[in-house]
Amino acid sequence: MDTHIKAALKPAKPYEQNRARMLISCPDGPGIVAAVSHFLYQHGANIVQSDQYTMDPEGGMFFMRVEFDLPQLELRIAGLQQDFAEIADKFEMKWQLYPLSHKKKLAIFVSKEDHCLVELLWQWQAGDLDAEITMVVSNHPDMKEYVESFGITYHYIPVTPETKAEAEKQQLELVNGQVDLIILARYMQIVSPALIEPYRNRIINIHHSFLPAFVGGKPYAQAYNRGVKIIGATAHYVTEELDGGPIIEQDVQRVSHGDDVNELKRIGRTIERVVLARAVKWHIEDRILVHQNKTVVFN
Amino acid sequence: MDTHIKAALKPAKPYEQNRARMLISCPDGPGIVAAVSHFLYQHGANIVQSDQYTMDPEGGMFFMRVEFDLPQLELRIAGLQQDFAEIADKFEMKWQLYPLSHKKKLAIFVSKEDHCLVELLWQWQAGDLDAEITMVVSNHPDMKEYVESFGITYHYIPVTPETKAEAEKQQLELVNGQVDLIILARYMQIVSPALIEPYRNRIINIHHSFLPAFVGGKPYAQAYNRGVKIIGATAHYVTEELDGGPIIEQDVQRVSHGDDVNELKRIGRTIERVVLARAVKWHIEDRILVHQNKTVVFN
Amino acid sequence: MDTHIKAALKPAKPYEQNRARMLISCPDGPGIVAAVSHFLYQHGANIVQSDQYTMDPEGGMFFMRVEFDLPQLELRIAGLQQDFAEIADKFEMKWQLYPLSHKKKLAIFVSKEDHCLVELLWQWQAGDLDAEITMVVSNHPDMKEYVESFGITYHYIPVTPETKAEAEKQQLELVNGQVDLIILARYMQIVSPALIEPYRNRIINIHHSFLPAFVGGKPYAQAYNRGVKIIGATAHYVTEELDGGPIIEQDVQRVSHGDDVNELKRIGRTIERVVLARAVKWHIEDRILVHQNKTVVFN
Amino acid sequence: MDTHIKAALKPAKPYEQNRARMLISCPDGPGIVAAVSHFLYQHGANIVQSDQYTMDPEGGMFFMRVEFDLPQLELRIAGLQQDFAEIADKFEMKWQLYPLSHKKKLAIFVSKEDHCLVELLWQWQAGDLDAEITMVVSNHPDMKEYVESFGITYHYIPVTPETKAEAEKQQLELVNGQVDLIILARYMQIVSPALIEPYRNRIINIHHSFLPAFVGGKPYAQAYNRGVKIIGATAHYVTEELDGGPIIEQDVQRVSHGDDVNELKRIGRTIERVVLARAVKWHIEDRILVHQNKTVVFN
């Protein structure tokens, strides 16, 4: 399908060659912004966007995202990183540098419900998700043909109680070192701790409720039974605690007594799609920092 | 204060003299709407608004709200009620008839936080809440002068662990038979079962979270700690289960990592005010039916 | 593509065989609801849902939507219509009866922007749009393969200033008598009056602004230049006046100074998709009545 | 009224003594953030919050808001300003420095509709608007007693076609040099150009529509006639063009065919209150920069 495949071949935009982003977190103190911005200026970089947030001016944590242009970035990035280590040491920073020319590699896990997958693929081929979708992994074969029409590899790995351990091993082998971000796009299986550990803060799940309300299974039925007047969806990083990881994004929609469980599911599908796609986009654009089970999102 | 006091004297609008509302619930079956509307037509009434909802067409519950004009309503209402009993019997209806000329009497319970009380008084004096505010009851004296400036009686009833039983007895004596609806406008005390029983589905509480998330105390601190991206408020009828009664209305507002607990409280105050006032307005306008811990709201 | 094609073959649900909807509008007066509901009761129908609205109780217009079950509907519908004519005459009603077993036939017109088309096809194959999509008409060939993968006919009709008249003639021949509803899913051509006339209140357009703000071309650029803080989209029936027809549905999204025109377009695409799909769904479900360039929507 | 008057006496919080904010706008170029943050660091200031926005990285405008703590600010502010002039010159900056200890002085203009005034006074006495309300000016005497109960001076200046010129002169004399911000809280008179000129970007008006839709008089009637499904309100700085100044904030609420003009007004009042109060709060907190009839809002 021409429309779709052309997306996979989209070249980097010219300005991306020389643009990079830094994410920094450290204990707050005087002079951090000055040090970072002065460092970049001295190295010939021009700051395009800068965001910062201090949890508490006296003794709290400091978070920063800075996006900058640096001519001949590719040649100079190694030196830049080396030089920055000194500042990072001084302020006890955790930091990462992401050149835009390096596209993140994504794996999408999906079960039978296809709406989140379809949304991600549509946004991706429309150019709104600036990443490579490397593979789709599913415990069902249903979406194989559709996914392959985008030129994306589809791994069908059935999961039964007997084969679960083996399936998880297979999944880990597929993704490990190959992808930067795993997206659980309504993947209705619990993910193995063996996968969570190496992908800490790099697995995004969409939960079909307004967390922390309605943790666990059948959240729309739970919502119907409680008689809530608004339903929602929550994108969060996956941790060992079920539906308990750092929340990235949530959104909601008004419902009424007249909406039965099926109608809640129908309305919810659009919320889920939009919320998951936003969270993925922000992760791809390096807008999210995690601190103590909470996210700082610069957007 | 002239502006305020004039509100208390507002006369009924002419059309209200001959207008009434019926709320009906019964097991569903053929012919209910026909029977009710035919009955009203035969008695000379003109239906102004009619809403109905069937939980499940086959064997579910049927709910109806009908608003009608009937010339010389006051003279004919007793006969109307008598005649309707036959239909009600046939369809096993629970039903109530509310003439608009009978204004509901409200009691507002409040503690130190005044924003919900101020909102209700402002909407009331602006003519948006078509009821009588009969009294304000508080365990603090702070708002006495302000409330009395509207010509409303203020009962200061301190509540301490020792005096709680006595205070509740006093409250019950004040309201019982005197008021139609009790509003807990951020009244930070647990209400006595002795009050809940006679006022079943007639006590509205505002809880400062998006229920069922963050039941109980300090919901904004709970929300901050969980790192939610949206906060909310919930108006519900009070039952014996804390924050567990039928939900009437909810609303939400987006927040960010940058909002600390105090900022959540500030944002939340506006949500609380608006949600509580809507729920009160709908109750006053007989728009709410309760069935098995859920509400049907015709609005 | 199996996933997609199966949707086209979806059979009617059993309950739909005996269900129908009526849309009624007439001058208000006493006894209308009684007459309609009594009529249905006498004919053995059970009202499943009934909505009504009176623009002004004294001398205004009355609008009603009633959904009912009638055993052996197919055999009895002709008689029902004949018998109802008497009531309709008496109250000067404009009315229509829609059996659910008759699926509406849709034609979707699209240009290069595919997001609204993709959304409609996705909702349709998910079973959320209860209609037949009979054809897609486009002045570009791009989406041909994709649309045909759903088993839907794709008509590529180029439009140039020279061929416009001929193209419009072709379009009219394609749809006339064949489809019940035309959807302009970001069809960037002005539609001919020859098409509007026979399809009055049966052509739905999505305009990519919050009408009446930003009528005409490039609404996102207009919105950017005016510096609005919220953007929106509007679904409306097409009339001879550009972007001036009866509004069916609108929705909005918050934006900021940081969003340039491309970002507004990206955000707007999701609003457009959702708003158009809602309007189409409501039309399909016979929820919309039009009166003097305004809609009454029962939902 | 004790509750109210205590607000007027609220002392500055301790941290405010040493905190200040800078608003900067200039043509974009390399090194601006570095220069500003280095300057502040060298002078012993700690940046608490910093926001920036570049309209277009190549040759566009650069906007910055920086909030910082500087011990003994009061003694050092004059020197700070003097020293900063050098940087400002180099980058062709327009800039302003606001110490938090200097509370902005507000004048509120109001006509008969009191909801926006009541909201501002309530938020102010709740401590949410960190400013001094110096006076209320009105062409009606109605709110005099209420306003004075907060310890605020009330100037009743009637406006008739004959006295308009004289009234405007009186207003100008009252505010000029005395207040930092004028708020038109549903002040239903056109403001004189003689007032606009000295208060450019310092007069905030609330317009009761979602601008640019429904400019001018009776916007709710206009909205009703057009049949919109969402209504809104807009806070903007006042310019010589009616309802045409830079938009600060907008918000909206869903309405239906069932809402008549009075109901739109009622719903709209809550939108107006909230939108105006947000805009005023942002202005007070120095979050707004104006550029070519558009606002940059850092919040």
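We just call them A, B, C and D in the order they show up, numbering each chain from 1.
To be clear about the criterion, a contact is a pair of C-beta atoms (placed from the backbone, for glycine too) under 8 Å apart; a residue touches a chain by one contact, two chains touch by 3 or more.
Each chain and its UniProt protein: A, B, C, D = Formyltetrahydrofolate deformylase.
Computed from a prediction, not measured in an experiment: that's the story for all the values here.
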Lowest number of touching-chain links that must be crossed from chain B to chain D: 1
Turning angle required so that chain A lies on chain D, C-alpha fit (0 to 180°, nearest 5): 180
Furthest chain, CA centroid comparison against chain A: B
Distance between chain centroids, defined by C-alpha means - chain B, chain C (Å): 37
Mean-CA-position distance for chain D and chain C (Å): 43
Junction residues of chain C - those touching two or more other chains: 53
Contact graph of the chains (line, ring, star, complete, other): complete
Complex contact set, residues of chain B against chain A: 53, 210-214, 226-230, 232, 246-252, 256-258, 293-297
Interfacial residue positions of chain D with respect to chain A in the complex: 29-35, 37-38, 40-42, 44-54, 57, 69
Complex contact set, residues of chain B against chain D: 1-3, 114-115, 118, 122, 126, 128, 142-143, 145-146, 149, 266, 269-270, 274
